[in-house]
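Two complexes follow with chain A in common, the first pairing it with chain B and the second with chain C.
== the complex of A and B ==
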C-alpha cells in the first residue's frame, strides 16, 4: 500500500504547487517577467495569518480572508512600487529577475527578523485521525486542500475564459501592443494579474501553514517548486503549469521510494534541468524564444 | 582585540574578492548570469576540507578544490549552454540547490548538517598558518595571484572573445569562434577560482557545514559584481570592501547575532535593488545586464 500512500502524498503536494504555479504563471503570461518574489507572497500571507490568529487572537474565519487579501495587496504593492519602475525604464528581463530574487530574499529576511528562525504552527485544526482510503491515510484537511485547489483552479480557468477581465488579460498576454491599441490598459491588467495571482498564492500559503508549518524559507522552497511545475508544464500556460505541478508532486513523492527523503528537493531541480535542456517550452507550452 | 577583528575582516575581503572576481568572468565578461556560483564555492570548500582532514598538504587541497569546482562548472555548463539569460539564471540556481542537497544528505562523506570540524590550518614548508595575521598574509598572496591571473585571462584574446560573445553571440560565431566551447571554458575558469575561495574559507574557519552554502549566500557576491560594475576589476575591489564592511557597524551597536544575520541580508538586498534601479551599470561598469 506504499503506492497509494505515495500517490496521495503526491496529490496533496501537487495541489499546493499547482496553486503557486498557477498564480506565478498568470503573472508571467501578462508581464513576461519572472516574479520570484511570488514565493515571498506565499510566506507573507502565511505569516500574516499566524500574526492575526495566533498572536492577536482574531477569529480564524476572519483571519483567513484577511490573510488572502494581504497576500493580494502585497503582490500589488510589489508591482506598483518596484516592478513598474523597472518596466518604465525598459529594464531587461535579467534585471527584473535579479530584482525579484532580491525582493524574495529581502522579505524572507524581514520575516526572519520579525518572527525568528524557529518553526511555527498555526494549530487551528487539531491533528485528526486520518481516513483510510485504499490503504492510504489522508486527513480531512488534506482532502479539503485537494478539493478546494481543484475548485479554485477551475474558477480561475472559467475566469480567464469567460469574463471580460480574463479576456483582456489573455489579450495582453498574447500581444500587448495590439491589446493596447484596442483600448486595454496594460498597466491595469498587470496590476490585476498581480492581485489575482497573489491571492491564489495567499491561499497556497494558508494551506501550507495549516497542513505543515511556517518557516521563513517556506516561500523560497515553494516558488522553486511552483516555478519548476510551470516550466515542466509550459511557462505562461496556466493549464500547463497545473499539470506540471501535479507531475512534480508525484515525481518527488515517488522519487523517495528510491532515494533518501532528503533528496526530495533535489529531484525538482533535476527535472527542471532536464526540461530546460530538452523541452524548454514545457509540455503544453507555446513556442517561445527560450533559446538563443 | 580590535586588531584581530580587523584582520578577520581583511581575510573575509580577500575571500570575497576571489569569489566576486571569479563571478565577474561569468557574469561580467561572458554575460552568463550564473546564480549557482555558491555551488562551486561549496564544492571547493568540501573538497579542500576532506583532503586536508585526510592529511594532504595545503597546496594539494587548494589545487584540488579548484579543479573539482571546475569540473562541476563543466557539469552545469554543458547542459545549459544554449539557454538564454533568465533561463540560465534559473537553471544554475537549481544546480546550487542540488549541490546544497548533496552536501546536506550525503552524510557518509560530508557528515550532513553536523559539518566538518577540525580542518587543519594551511602548512607550507613546515610553517603552520595558525595565527590569523599569518593567514591574512597567505590570503592576500592567494587573492593577488587570483586577481592578476583573472585580469590576465580577461585581457587576453580569450577574454576579448568572451566579451564579444556577451555583446553579440551570433556575430562572434560568424567570425568562426566556437561560442559553445568558449562559454564552457569561461564557466570552468570562474568555477575554478570560486573553488579556490572555498578552499581558503574552509581552511580559515576550520569548520564547514551546508548552512554556509545556501542560495542566500549568492546575494552579497552578486551585489559586489553589480555594484562594482560588470567587467570592472577596480569596481569589484571597491565593492567588495563596501559590501564586507557595510553591515559591520551593527556589531558595535550591540545587536544580537539573531538580528545581525537577517539585517545583513536586508541591507544587501536593498542595496542590490537600489543600484539596479538607479545605476544599473554599477560604479565602474562598462555594460548593462541584458
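== the complex of A and C ==
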C-alpha cells in the first residue's frame, strides 16, 4: 500500500514537473538561453484562469483555452519585447539569464499587486475522498492530470518528430547557422518555441491551480523543479526533461519515506548537483553522444 | 559627448531636487508631527498578515488624529515593507527608520525574525510587534522589545486541555521549519507533557511546503487521535486540509491560533469544517473592532494580527500622550502601565515584553458553516 501510494505521489508530482520542464527545455533547445521567467508563465496562466473563471464568472471550459492561449501570448511577448532586443544587441547568455530572473520577479510582483498575497483556489472541482487503486488513494483530478500530461507530452513528441515546424525547431536546435543557410527563419522558430513552450506551461499552470491552488510565488517553486528535472534528463532535450522530471518526482517522494520530510528539497538539489558534476549532459545526453 | 553631458546634468538635477525636497519636507516649521515607524511584511507570503496589520495601525492613528492628535501634534506613520521573513531587508528598513527618519519607536515586524530584535536592542529603539512571539530566543530578556500577540504558553495549554478532554491522547506533530512553528511546537510539547498526552512522532517540512501526501501516509500508519499542525503561514494549511480529506484521514487537526484567518475560510472552509480546532484568544472588544474596521475598509481583516496591531499603536500613542518621547522613556512607560486593548480589554506587558498571561482567556474554536465559531462539543 505504502509503495503504491508513494509511486502515485511521485507520478503526480512528476507529471506537473514534466509539463514545466518540457516547455522550458523546448525553449532552451532552440534559443540556447535559460528562460527562468517560464515560471512566471505558469503563474500568469493560472491567475488568468482565476481571473476569468472566479472573478469574471466565465464558463470554465471557455476559460481554460483562453488561459492557455494567454500563457502562449505572454511567452511570445516576453521574447519579442525583451529577449529579442538583447539577442539583437548580441547580449551574452548571462545577461539573458539575469533578464529572465528579472522578468520572473517582475511578474510575480505584478500578480501580488493585482491579486494579493493570500492563497487562491479555483473552486471548479469539488474535492472529495480519493479513489483507492491497488492500495493507493488518488483523486479523479489527479488521474486526469497524470493522463493529460502523458497525452500532451506524447503530442509534443509527435509534433517535434513528425511535423514540419517541429523538424525546423530541431534543426535550429542542432545548428542555428546551418538551419538559417537552409532557409529556416531562426527568429520565427524562436517565437514558435516560446509560443508552444509557454502554452505547455499554461497547461501546467491550470493543473497546479486546480490541484495545489494559486499563490504569486508558485512559478518560482515550479521552475526550480522544472529546471532540475530538465538538467537531470538532459537540458535541451524535451524527452529528457520529461524523464528527469518524473525521476525527480519519484526521488523526492520515495526519499522522504526514509529521510525526514524537511529533506525533500535537499534531495532535489543533491540530485541536481550530482548531475551537474558528473553528468552535465543529463541522462539522455548519453544517447546523443553515441549518435554523434 | 554633448548628449552625455546633458544626460549627466539632468540626472544630477533630478537627484538634487529629490534631495532638497526630502530636506524641505523634514524641516517644515509649524507642522511637526510625531513620527512612528512601521515595519511590516507588505509583500510575499506574510503580506496577508502585514496588510491587515497596517490597516489596524492606520485605523488607530486616524482615530487619534481625528481627535486632535497627541497634545495637538498629529501622528505620522512612516511605513517600510520588509518582504516576508527577509531579515537583511528588515534590518536595513529598521536602520533607515532610526537613522534617516529619526523615529524612537517602530511597530513591527510581521512574524519572527531573530536578528532584527538584536539590532533594535543595539540601536536602543522600541520595537512593538503585533505578532512576534520569539524575540531573540523566547527566553532571553529584551529591553526594547514588546509584542501584543497572545501568550503562547497559555494558548498551547488551552489546546492541550481540550485534547485531553476529548480523549485525543495520541498525537502526531506536523510543522514547518520556521522559528515561529518551532516555538509553537516547543510550547505545545510542554503543554501536552503537562496533560500526559503522548506524542507519537513529529514531522518537519521546509517552510512553504504544500505537498504533504508522503507525511500524511506515514501519519496514517501511526493511527494518531489527532494531528497538531504548527505552521507560520496560511498557505500550507489549506492544501494540508485538502490532502487530509483526499487521503481519507478522519483525524482532527489541532492548530495554532494563526489558523483563524479569513483567507482560509475564503478558500478552504469546506476542508476545515469540523476538522480544525484551535485555542483562540477571547477578543474582548471583537465586535467593536470588526465594525470599525469594516466601516473604514469595507472588508474584514484577513490575518489575525489586525487587532493586535491596533493595540500596539494605541499603547504607543498612550505613551506619547504621557510625554514619553525617547525610546527609553517609551520603553519604561510600556513596562509600567496598562493600556486599553481590543484583544485583551486591558493589556499589560510582562518583564520580557510579552502580553501578561493572566489577562488572556482562550476559547476553543472550529469551522462550521464556513465560519470560525466556538466549539460546543460533538
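The rule is short, and it goes like this: the second predicted complex is superposed on the first by the 283 of 292 C-alpha atoms of A that agree within 3 Å, B and C clash if a C-alpha of one lies under 4 Å from a C-alpha of the other, contacts with A are read in each partner's own complex, and residues count from 1 in each chain.
In this text, contacts are C-beta pairs under 8 Å (C-beta built on N, C-alpha and C of every residue); 3 or more make two chains touch, one makes a residue touch a chain.
Note that this is a predicted model, so its numbers are computed, not measured.
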{"item": "Side-by-side fit of chain B and chain C on chain A, or clash", "value": "clash"}
{"item": "Partner chain in contact with A:191 - chain B first, chain C second, else both or neither", "value": "neither"}
{"item": "A:276 touches, of chain B and chain C: first, second, both or neither?", "value": "first"}
{"item": "Touching partner for A:93 - first (chain B), second (chain C), both, neither", "value": "first"}
{"item": "Chain B versus chain C as contact partner of A:215, first or second or both or neither", "value": "second"}
{"item": "Contacts of A:101 with chain B and chain C, given as first, second, both or neither", "value": "first"}
{"item": "Touching partner for A:116 - first (chain B), second (chain C), both, neither", "value": "both"}
{"item": "Which of chain B and chain C A:148 touches, first, second, both or neither", "value": "neither"}
{"item": "Chain A residues touched - chain C or chain B, whichever exceeds", "value": "B"}
{"item": "Partner chain(s) touched by A:6 [first = chain B, second = chain C, both, neither]", "value": "second"}
{"item": "Segment of chain B intruding into chain C (one of 59-67, 77-85, 203-211 or 275-283)", "value": "203-211"}
{"item": "Shared contact residues on chain A - chain B and chain C", "value": "109, 112, 116-117, 260, 262, 265"}
{"item": "Chain A partner contacts - residues on chain C that touch it in the complex", "value": "43-48, 51, 177, 203-206, 208-211, 213-215, 217-218, 221, 234-235, 238-239, 242, 245-248, 263, 266-268, 270-271, 302"}
{"item": "In the complex with chain B, residue positions of chain A that touch it", "value": "33-34, 82, 85-86, 89, 91-95, 97-99, 101-103, 105-106, 108-110, 112-113, 116-117, 220, 224, 227-228, 231, 260, 262-263, 265-266, 268-270, 272-273, 276-277, 280, 289-292"}
{"item": "Touching residues on chain B, where the partner in the complex is chain A", "value": "33, 35, 79-80, 82-87, 89-91, 94-95, 97-98, 101-102, 104-105, 112, 169, 215-216, 219, 222, 226, 258-259, 261-263, 265-266, 268-270, 272-273, 276-277, 280, 288-290"}
{"item": "Residues of chain A that touch chain C when the two form their complex", "value": "2, 5-6, 9, 12-13, 109, 112, 116-121, 126-130, 137, 139, 212-213, 215, 217, 221, 253, 256-257, 260-262, 264-265"}
